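Per-chain residue numbering starts at 1, and chain names A, B and C are given in the order in which the chains are listed.
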Amino acid sequence: MGAQKNTGDWSSDMEIDAFRRLFPLRFYERHLTEAIRPDARPLKKCRDTSVAPGAVATADGSALAKIGSTTMLASIKMEVMTPSVDSPDEGNIAVEYYMPPICSPIVRPGRPAELAPVIAKQLSNTLLSSGMIDLKELSIISGKAAWMAYLDIYCLDADGALFDAALLSAVAAFSHLNIPAVSLNDEGKLTIVSEESNGEENVEKEPVNRDRRKLTISSIPLSLTCVLHKNYILADPTGEEESIMETSITTVLNTSDQLISLYKPGGPVLASTASIKECVSLTRQRIKELQDILSDSFASMDMN
Amino acid sequence: MAWGGSDPGCPLLRRLPDQTSGRRTTPAAGAPQFEGLMEIDRADGRTPNQLRPLSCSRGVLHRAHGSASWSQGNTQILAAAYGPKAGTKKNENPERASFEVIWKPKSGQIGKQEEEYEMILKRTIQSICVLTVNPNTTTSVIVQVVHDDGALLPCAINAACAALVDAGIPLKHLAVSICCSLVEPGIVMLDPTKLEEEKMKAFTYLVFPNSSHSVLNKGSAQSENNDETEQGLITSVTHGIMSVDDYLQCLERGRAATTKLSDFLRRNLQPQLPSNT
Amino acid sequence: MAGKPNDAPATYSPSLKNKKHPFYKNSDLDWVRPDGRGFHQCRPAFFRTGAVNAASGSAYAELGNTKVIVSVFGPRESKKAMMYSDIGRLNCNVSYTTFATSVRGQGSDHKEFSSMLHKALEGAIRLETFPKTTVDIFALVLESGGSDFPVLISCASLALADAGIMLHDLVAAVAVSSLGSNLVIDPVSEEESYQDGSLLITCMPSRYEVTQLTITGEWSTSRINEAMELCLDACTKLGKVMRSCLKEAASTTTD
């Protein structure tokens, strides 16, 4: 849609655009020597980030997260399961990450994105090992019933730093999650207690064993992806930057400054200890920003 | 070639215990700087800093262009490389060589975990290969898990690297991989078995380039500053919570240990090179 | 540490099924629609173009609880296996999210809607303007709140316009459900589940041409006429809303 809407000097626009397409690396390197990026960001600045909790009405907890134009929609649905014998008083979390064809020109229907299962695995490792959620809180009746939290994250627009946005949306969805109050029915199954109907149908049911409640969220994991190119470190890369400069490091720290994951899958640039330290310190700064964004978004939601 | 040098003169090598050929130097002499940690008992009697016995044989498969079997203790991986083949697949690239990795678990279908391993392995291989030499070709690396007893991914990376050398794929340098695990804050243990891995608080898989014996890197400009020649990290994957300092310690210990690994790999690959001048 | 194996245990949703009796009675004219609308009143429609940056064109539509997002890619190279064609091709795909319905679904492709969307739109697109290439229209239903398919069609035609694909006209779609003795326009999911029949018209409002007409269930000829009048009238109004959305987008980008 861009080309027709451009006004003004056509020739110079075309030249820059052609240079960008033909010699993408040189185009970027020219910017990097000036310590600026094509979208006018300094190298270590992240894109505008926003979080909107409660974006999906049908879910028990949900959130929409945007980093630049990368958009993730996370939703949690609670279902009841029989806990495993090994951990009778624990619920569980199942993480699924989808990249539907709407999100990117490289994803085609019937041919799922190569990256999707990898990000899903990373997300579930991060969420489960970070200790953000106490699985014991998901227990309903020890040994009999527990909650299974199905976390489904949809990428609506893919433009770099996919893991960061997905993790942010997941964390926000868990903060927004309200575990429904349930009661036992005649068939021994649990059903939701609807808030408005306290009439005759509730009489025969067992007393409600839990109130509608929120989870206790401790030490939230948050992340920052950086792209390495030569000696430059670019925080929060766009999709274009990720495809041109292929080395990326994703650092996940939790809010009590513990390292949850430091993920660098290969790439032509080798990371020195100094650049790893730099990435970690950039992540520390970023986490402070993200915490503010999260608390602001929940505060403004509560006001409405 | 990068591994052409025959001088094993890296000082770090002598500081690590060597058990690859069955000889075991005394642990205290092997790693004096970690003496305080020696009280940790490992089921197989190793010191925290000691790797399991390594073995590597190349050319084990006749149909593959290159193959290698790599084992660390009971973990064993069989890797085969096919190619470079004419790029007919969807991932062909007219300007670069493409790679694909197929992970075959010991039994059953591949899941998300294996798909993640495939992706990490593929990106790691891409980073050590000279991609401009065979443009518009695809090289397939097939990794078969023979037995999993901990440190599976590092073992697979080492095996794949040996298979690529065996297939004669042009490489910038070798990659050596190691698993460092954290018993408790501040205590690092190398190359854990599966049983140890499960008990660990956290562990990390690290991949480094092999220690530079190459003539190219001995430029006088770099030798004046040791930090400059420090080996950069190719790949890092972590599981579990640890502090940043613990991670950096893992990095340091892993880097030291890979010197020995890369020496083993180099020695193993050398005799079969046609000419070693 | 690597988490529990992925073969998840059997779970069930604790939400109540069939909790309510049908909210209308066959002969009674006094029932109220679940969202309090009049029988011939549509839900307020919200459209926005440019929802997905990665696409050549895209649109987001929200009518009540129905929320859909459509991306258009191309015109781009057709699949290698495709034969030469001197007119362009259209490729449609519709999928649902796992949380689109109140009970968690599979999030799979909707084959029927995919082919119907293709048929509804191909009459409006000037395929001869992009020979040999393909335009991909991908839709995702974020939340299903009834009348999903008509919303999808309207949203897709806006996305096509946003992508700069040549169209004869925008395509607006409206459905009518027959519930007992009443006709209700733009039904919500609850009404759809109790309907006796449904009628869907997709049309190009400025040209007053119908691209697709789908009737299911039992209808008498006079009721069909009545329902068609209702739909066409609503399509014209919907077309105006869509047009103003495009105008607004165009005026903000030129500023």
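What we mean here is this: a residue touches a chain if its C-beta (ideal position, glycine included) is under 8 Å from a C-beta of that chain, and two chains touch if they have at least 3 such contacts.
These numbers were taken from a predicted model, which means no experiment stands behind them.
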Least hop count linking chain A to chain C through chains in contact: 1
Maximum centroid distance from chain B, chain identifier (CA atoms): C
Chain A and chain C: spacing of chain centres that average the CA atoms, whole Å: 28
Distance from the mean Cα position of chain C to that of chain B, given in whole angstrom: 53
Gap in Å, rounded to a whole number, between the CA centres of chain B and chain A: 31
Interface hub residues of chain C, defined as touching at least two other chains: 1-2, 6
Contacts with two or more other chains, residues of chain A listed in rising order: 125, 129
Interface hub residues of chain B, defined as touching at least two other chains: 112-113, 202, 239-240
Sites on chain B touched by chain A in the complex: 112-113, 115-116, 119-120, 122-127, 202, 204, 207, 209, 227, 230-244, 246-248, 251-252
Chain C contact footprint on chain A (complex, rising order): 1, 4-5, 7, 56-59, 62, 69, 71, 73, 75, 77-82, 84, 92, 94, 96, 98, 100-105, 108-110, 124-125, 128-129, 148, 150, 152, 154, 156-159, 180, 182, 189-192, 194, 239
Contacting residues of chain A [partner chain B, same complex]: 114-115, 117-118, 120-122, 125, 129-131, 247, 249, 253-254, 257-274, 276-277, 280
Contact set on chain C toward chain A in their complex: 1-4, 6, 8-16, 19, 50-58, 65, 69-71, 73, 76, 93, 95, 97-102, 104, 107, 109, 136, 138-140, 142-143, 162-164, 253-254
